[in-house]
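Got a structure for you, questions after.
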Amino acid sequence: MAAGTSTFLFDIAHLLAGGVLVLSLMLLVQDRLTAVINVFALQAVVLALSVGWQSLVQGAPHLLVTALITLLAKALIIPTALHRIVRKLDVHREIERVIGGGPTMLAGLGLVALSILVVHPVVETADPVAREDFAFALAVVLLGLLMMITRRNAVSQVVGFMSLENGLILAATGAKGMPLVVEVSVAFSVLIAFIVFGVFVFRIRERFDTVDVNVLERFRGEQREHL
Amino acid sequence: MVGGMSDVAIGLVCIAGFFGIGLSGAVLGRLRIATPIVYGASFVVALAAVALALGVLLGEAPPSMVVLPIGLPGTGAHFRLDTLSAFFVLVVDLGAAAASFYGIGYGRHEPEPARVLPFYGAFLAGMNLVLLAADAFTFLLSWEFMSLASWALVVVHHRESASIRAGLLYLLMASFGTLCLLLAFGLLAGPGAAIGGTAGFDHLTFAHMRASPPAEIFAALATVLALLGAGSKAGLMPLHVWLPLAHPAAPSHVSALLSGVMTKVGVYAFVRIVFDVAGNIDPWSGLVVVIAGGTTAVMGVLYAVMQRDLKRLLAYSTVENVGIVFIGLGLALAFRAAGQGPAAALALAAAFLHVLNHSLFKGLLFFGAGAVLTATGERDTEKLGGLVHTMPHTAVVVLIGCMSIAALPPLNGFVSEWLTFQAILMSPQLPQWGLKFAVPVVGALLALAAALAGACFVKAYGIVFLGRPRTPAAAGAHEVDGFSLAAMTALATLCVLIGILPGVVIDMLAPLTRDLAGSALPAQVEVPWLSVVPIAQSRSSYNGLVVFAFLFCAALMAALAVHRLASKTTRKSPPWDCGYPLPSPRTQYSSASFAMPIRRVFGSVVFGLTERVDMPRPGDTRAGHFRYRLRDPAWRFAYGPLARFVVRGAQHLNRLQFLTIRRYLALVFAALVVLMLVVAAWR
Amino acid sequence: MALILDLPLQLLQIVLVVAIAPLMMGVTRKVRARLLRRVGPPLLQPYHDLWKLMHKEAVVADNASWVYRRAPYALFAITWVAAGLVPTYATGLLFSWSADLIAVVALLGTGRFVLALAGMDIGTAFGGIGSSREMMIASLAEPAMLMISFAVALIAGTTQLSAIAALFSTGEVGVRVSLGLALLALIMVGIAENARIPIDNPSTHLELTMVHEAMILEYSGRHLAMIELAAQVKLVLYFSLIACLFVPFGIAGSDAGPLHLALGILAWLAKLTLFAVLLPIAETSVAKMRVFRYPAFLGSAFAAAALAVFLRFVSRGF
Amino acid sequence: MTSLLAALPLAPVELVLVIPALAVPLLVVIPNYRASAIVNVIASGLTLAAGLALLAAARERGDFLIVDDFNIFFVVLTTFIGFTTSVYSATYIGHEIETGHLTPAFVRFYHAMYQAMMAAMNLALVANNIGLMWVGVEGATLATVMMVGIYRTEAAIEAAWKYFILGSVGIGLAFFGTILVYMVASSVVGTGVPAMAWDEIAKNAGALDSKLLSLAFVFLLVGYGTKAGLAPFHAWLPDAHAEGPTPISAVLSGLLLNVALYALLRFKMVVAGNLHAIDVGAILMTLGLASLVFAALMLYRRRDIKRLFAYSSIEHMGIAAFAFGLGGPLANFAGLLHMTMHSLIKSAIFFAVGHVVQAKGTQRIADISGLSVTHPMLAVGLALGVIGIVGLPPFGVFTSEFLLVSASVSRHPVLTVILVAGVILALGALVMRMQGLIFGAPTGKSDAVKASAIPLFVHLALAFAAGLWLPDPLVRWFRSVAALLG
């Protein structure tokens, strides 16, 4: 689709992608587990909208499937399940952070800047807007990863990982005409990821009565010993 | 050429024979009959190889080549037998023949022959393969195979933790050497052309390296690397550390091979790479080699004097002798670079003669140590003594070995050291002032080493064979079997013969020096009275035959005169000893006390000596104690810190094994960010 | 010269060194005694001593081996051969080329090796002390000796003693610092090697100080005679060595007539006597050193010799 | 055999996918352990046959699958080791069930997962579509996650968990890279399926946006590098090797790492085709050397025998990465040979180690000694394996390291010295442990083990033969691939 036919359409897409990024940043600063889950659900909703919009703009109806899956799985089912886990296991509602909120935020902003920097075109190519969308997606991925490494709690780590995947989907749908196989595989991976996560969370609960990854440290295969 | 086969093909057949022997050793392994079969067959094959080598050397046959379709794909395994290879084949297989013959008798005492026999043949095959290999791959493959086979022989007595430690250190040093040589070959061969065509890996053959010499800086680097690589096998300081641990750990006939023969393969590697393959070398690298050799010689013998374990003493003495060889090689390098062919030929001939000599007397001495070990079960000199009475034959031949290795005229060790001194005295001809000054200093080091070697072997022989037995084990010794004695006697005879008629061997070396230095010593057999005249009669000459004849006549005359003139009555009595009654044998001078003056003189500088005396006060009846500890500077300054560095590095890094998943993710994240920054910065 | 003439000349030298060796020892003893205000033994006393020892019964320890019995003969033969090959009154004798300076030094090393082994054969504490110290001294003296050889050989361009003597006797080498240092070093080494004061005292049997005597403590009779004679020959050897290297004047050339030869013999005897007089003078003016001071003594000999080698490059620039 | 296969409706390249894929549901429904083990072996054997048939098959491309010299070789290697491991696994798992370490219920899903993993790896290898390649690599990862946790001990679950989390992040990042590549390619090749076809992308590499291509490579490197066990993305590897059943350790080391590196190389070829893109070679060399030295140092502090050899795998992946980073026909040749030899020997080592652990009942190195007295056959196998893996002749690793070092020393002398230092460090650690294991007086319990020696010694024999003589077709093959790799 040539640029100029409808800058408006792109502006909307841009806006939605930006929304996903902003929500990613918000995720980073949430202190309470329930809030984290809620913000994540919101992010999934915005993502679904974005994917739906892309489907409209690119005239690619199959993307609607992705949008729908995202909406159902990430905005509804998973948050609900996570809320239940939090309630049932009575894990700490407060999230233990590794570094404080302020520095985390700064790091997050730095990552956003880095994303824009690396995607910034050296030579002018056809669609700079798509590149910027892409920079947002990249930032979402990095922020998800940042969230995984700045939280000690397994539930928020899982959320971080899923936020990372949101970035992936944002990127995939932003790439024009990416074949269906990819979306299917994304869905596939989300599904697998969730199932296996579930299995593991279940097993871990069964054995350790907590989902705090820290506890696992005791069971490293190899104890510290001296030569 | 025999029966249409080229010389090198015959050599390969011999090697195949050794492999076959190794294989039969693996198959027969546990049978009693395996020992004589394996050693007997090795003896025969080794003799065949000796004959082949002699044929090539004396016939001055042109180099023969064979390319087998194995090894480097497309290029094949190149084998070449020239005079240099032939000489070292002679050295190796002479030693191997003696060791095999000795092994027929000695091997019977081996508790687990299945751990020795398969590797014995493989080891011999490996050494011979190295000598014939003519491309970098085949060379290093054989080289490392040789190391591996000998490693298996070092760890034969695997229940002793010392053996295991020695094995590890040995294999480490061997691989270090291999990789150094590999780097050297890489530099000499260059990056190599595209291998898409038919050229294959031809750039890695020696012939190609010779034809296209590398840039000067690469050649100089390659020389240093070759010195490190070959030196780690030969035992140059400070790469010698494995030697005194590994050589004693093996069964004695294998120790003889490790010490007397395999170190020579290291020398061969150096000569092959630096003199033959690398082309013209900067004269300064000669200086490096000479200094390395001189230091090695002195340090080696100093540590040899200090040892109480007989086989360790011999191993350290090997270090010394390797140093002497490298002095000769370094001089030859310097002379050759200065275009002084005759002097280079002299230095080379000295080095090669010493290679041969050392393989003979070190083999003999290790056999002797093995005989002592069989007879008494002891290697510790402090527990031996008086064996001259119970092992008379061994005592005679070992005495010849000790005198040879102490470089005493008229035996063979002296001839090669004398030639080395003559080469050193040619140093004023060198154009570089640094060399002019450094070489006489190295000469002094060589003299010191020679004198200390005398002290060392007086101690070794005196403590082990003379005096009174220090333990019941030593008192109950018995003479060893005939095979062992025959092997030792043969080597002793060769030591004497070469000492008396060195000219024959020096002439045999002429084709080698002509190939490597472009010049040869004048033919020695034509010199009247069979003297050795390296350059000119007016300059220097030595005649072992005349000296020997004079000594013989003089001793005979003295004895006759005494018989005719003097009283023949002899009275046996207890020793006088300044009037002290003959006390327990433990009052004899021990190995440590014999070495004490030398320990004192060189103590703090060389040995890092720490002494602790615990002397009871007068009237106190408890026992006094005296302890001392020597620390090899190589350990103090090189290996110790290196090992600590590795341990500490491993300790620090090991924290990475105990991180949480989150931290691992952080690691991934950090790497990702760094890589993204690189991308951002990339143009 | 023809073989028929050469052989007697060589044999004469070989016989002479043994024949006059006790005499030289007698001279040193006499002079030394005089310096100590004693009358001293007659000059020919060493001959009598040897004769006496020869005719005494030899006492051999129960556990002595063949090494112990053969060693005196070997030692004597080695020393004798070495001495016989050092030019004394003439250069270019028949067998002068069969061993050069380095070989002569090494031959003495062989003798020492044999003696040190003999010292350890009985298994007494004193024998061990002697051997151990002797080898320590040797390990320091031998490098010094070889450095001296280097210095001389580098100047002369040859290690052949005969050729060196011939060259130096022409006087064209001149007086050099190098040679002076080498002479000094050679004297020091000679003192150590011949077991003279301040390194060793040939006339003491004090347990803690003896070196040479400790090794031969058990010997008696004809064995001891051989060892004594060897020691005397060795002294003559060193005297001859100094004479031929540093004061070769008067030595006969390789094709000299009878007159020159006679002169050569006279000059040699004169030089030996001079040294035999000088040695005790030097000895009586210093005190015996402690055992562990030897390294310093021999180290300075070595340093002097090394300096001689280096100065050689300076004094003539090739 | 070729004609036999030609009669089949499917091409060999499809067969290597279909056979294991069909075996998965079949194995799920077979309840009996023995029967499923046999089916597993048969399926692996058939896949191997199909892989071998690929040798004779036409080199052809489609938008989804591709057959070229590069991947045929890896398919053959993968199916071969898949087959030998399935044979080994039958004995190994049998012993585990007899001794009660595993219950048959767990094992049922083991064999199905084994075939799933084989199918996924083959898919990654024969895929031309970079999306399919991604699916393959990740599918194989997820399948092995399941198997690593099979013992359900605390340590095993932790290892699986760690593997899973790190693997998932790797999956995500690799996917992101894949999207990027597509984006970059679609502006040149045009949108749709062709923009995901590797050969199309490679063909047009020079015209692609270099900046985004570089970024894409970074993500692919981190993503696939995690699977390839390059430091610092290696964390899952030692634990997964140590806690999973040994046959899985063998395939992890011998195959999965290769497949991941293979995927990376495919992308390296693309990026290297673009003049302005980031210097992929330098990055691979850096990572390779870092992995090598790091792993070599880590070897010294290992207490667990399987973790020890897992670190050695990291080390060897580092060497291979260095070789490919160096580039040029010689180094690429060396790298290919190194990967092959490492696969053969490392899996052989794990075969031996598995039985050793069963015999001694412990994985603690300190509790195992004197194997040459109690289990001479295993001791010989283990010793030969270690000798082979540390690069001593006459095994193939020696050849590859020889070629690599001789090729690199005159181009990057300093880096080569680091390489050599790393190799020596690793040698020291492994030989030290090997000596401790096989020498000395035997300690602890030592049960007789019904060892399956054939896979072990077949692997060793192949590596041994390759060290002495490489068959001409193979060399030609390697050369053409090496030229392809640039």
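Order of writing sets the labels: A, B, C and D. Residues in every chain begin at 1.
By definition in this document, a residue touches a chain if its C-beta (ideal position, glycine included) is under 8 Å from a C-beta of that chain, and two chains touch if they have at least 3 such contacts.
It should be emphasised that the depicted structure is a prediction, and the values quoted were computed from it without experimental measurement.
Note on connectivity: the fewest steps through touching chains from subunit A to subunit C is 2.
Comparing the centres of all chains, each the average of its CA atoms, the largest separation from subunit C belongs to A.
With centres taken as mean Cα positions, subunit D sits 77 Å from subunit C.
Averaged C-alpha coordinates put the centre of subunit A at 31 Å from the centre of subunit D. The geometric centre of subunit A is 68 Å away from that of subunit B, both derived from CA atoms.
Subunit B and subunit D have Cα centroids lying 43 Å from one another.
Subunit D has residues 161, 165, 169, 173, 211, 215, 238, 301 in contact with two or more other chains.
The set of subunit A residues that touch two or more partner chains comprises 118, 122, 145, 148, 157, 216, 220, 222, 227.
Counting partner chains per residue, subunit C has no residue touching two or more of them. Contacts between chains, counted with the stated touch criterion, involve the pairs A-B, A-D, B-C, B-D. In the complex of the two chains, the subunit C residues touching subunit B come out as 54-63, 65-67, 73-74, 76-78, 80-81, 84-85, 95, 97-100, 102-103, 106-107, 109-110, 112-113, 116-117, 119-129, 131-133, 135-136, 138-143, 145-147, 150, 153-154, 157-160, 163, 205, 207, 217-218, 221-222, 225-226, 291-292, 295, 302, 306, 309-310, 313, 318.
Residues 69-71, 73-74, 136-137, 140-141, 144-145, 147-148, 155, 158-159, 161, 164, 167-168, 171-172, 175-176, 179, 182-183, 185-187, 189-192, 194-196, 201, 204, 218, 221, 646-647, 649-651, 653-654, 656-657, 659, 661, 664-665, 667-668, 670-672, 675-676, 678-679, 682-683 of subunit B are the ones that touch subunit D when the two sit in their complex.
Against subunit B, in their complex, subunit A makes its touches with residues 98, 111, 114, 117-118, 122, 142, 145-146, 148-149, 151-152, 157, 213-214, 216-217, 220, 222, 224, 227. Subunit D contributes residues 129, 131-132, 134-135, 138, 142, 145, 152, 154-155, 157-161, 164-165, 168-169, 171-173, 175-176, 178-180, 182-183, 186-187, 191-193, 195-196, 209-212, 215, 238-239, 242-243, 301-304, 307 to its touches with subunit A in the complex. Within the complex formed with subunit C, the residues of subunit B that make contact are 385-386, 388-389, 395, 399, 403, 406-409, 414, 418, 421-422, 424-425, 428, 433, 436-437, 440-441, 443-448, 450-452, 454-455, 457-459, 461-463, 466-468, 529, 531, 537-543, 546-547, 550-552, 554-555, 558-559, 562, 565-567, 569-578, 580, 582, 585, 587-589, 593-598, 600-601.
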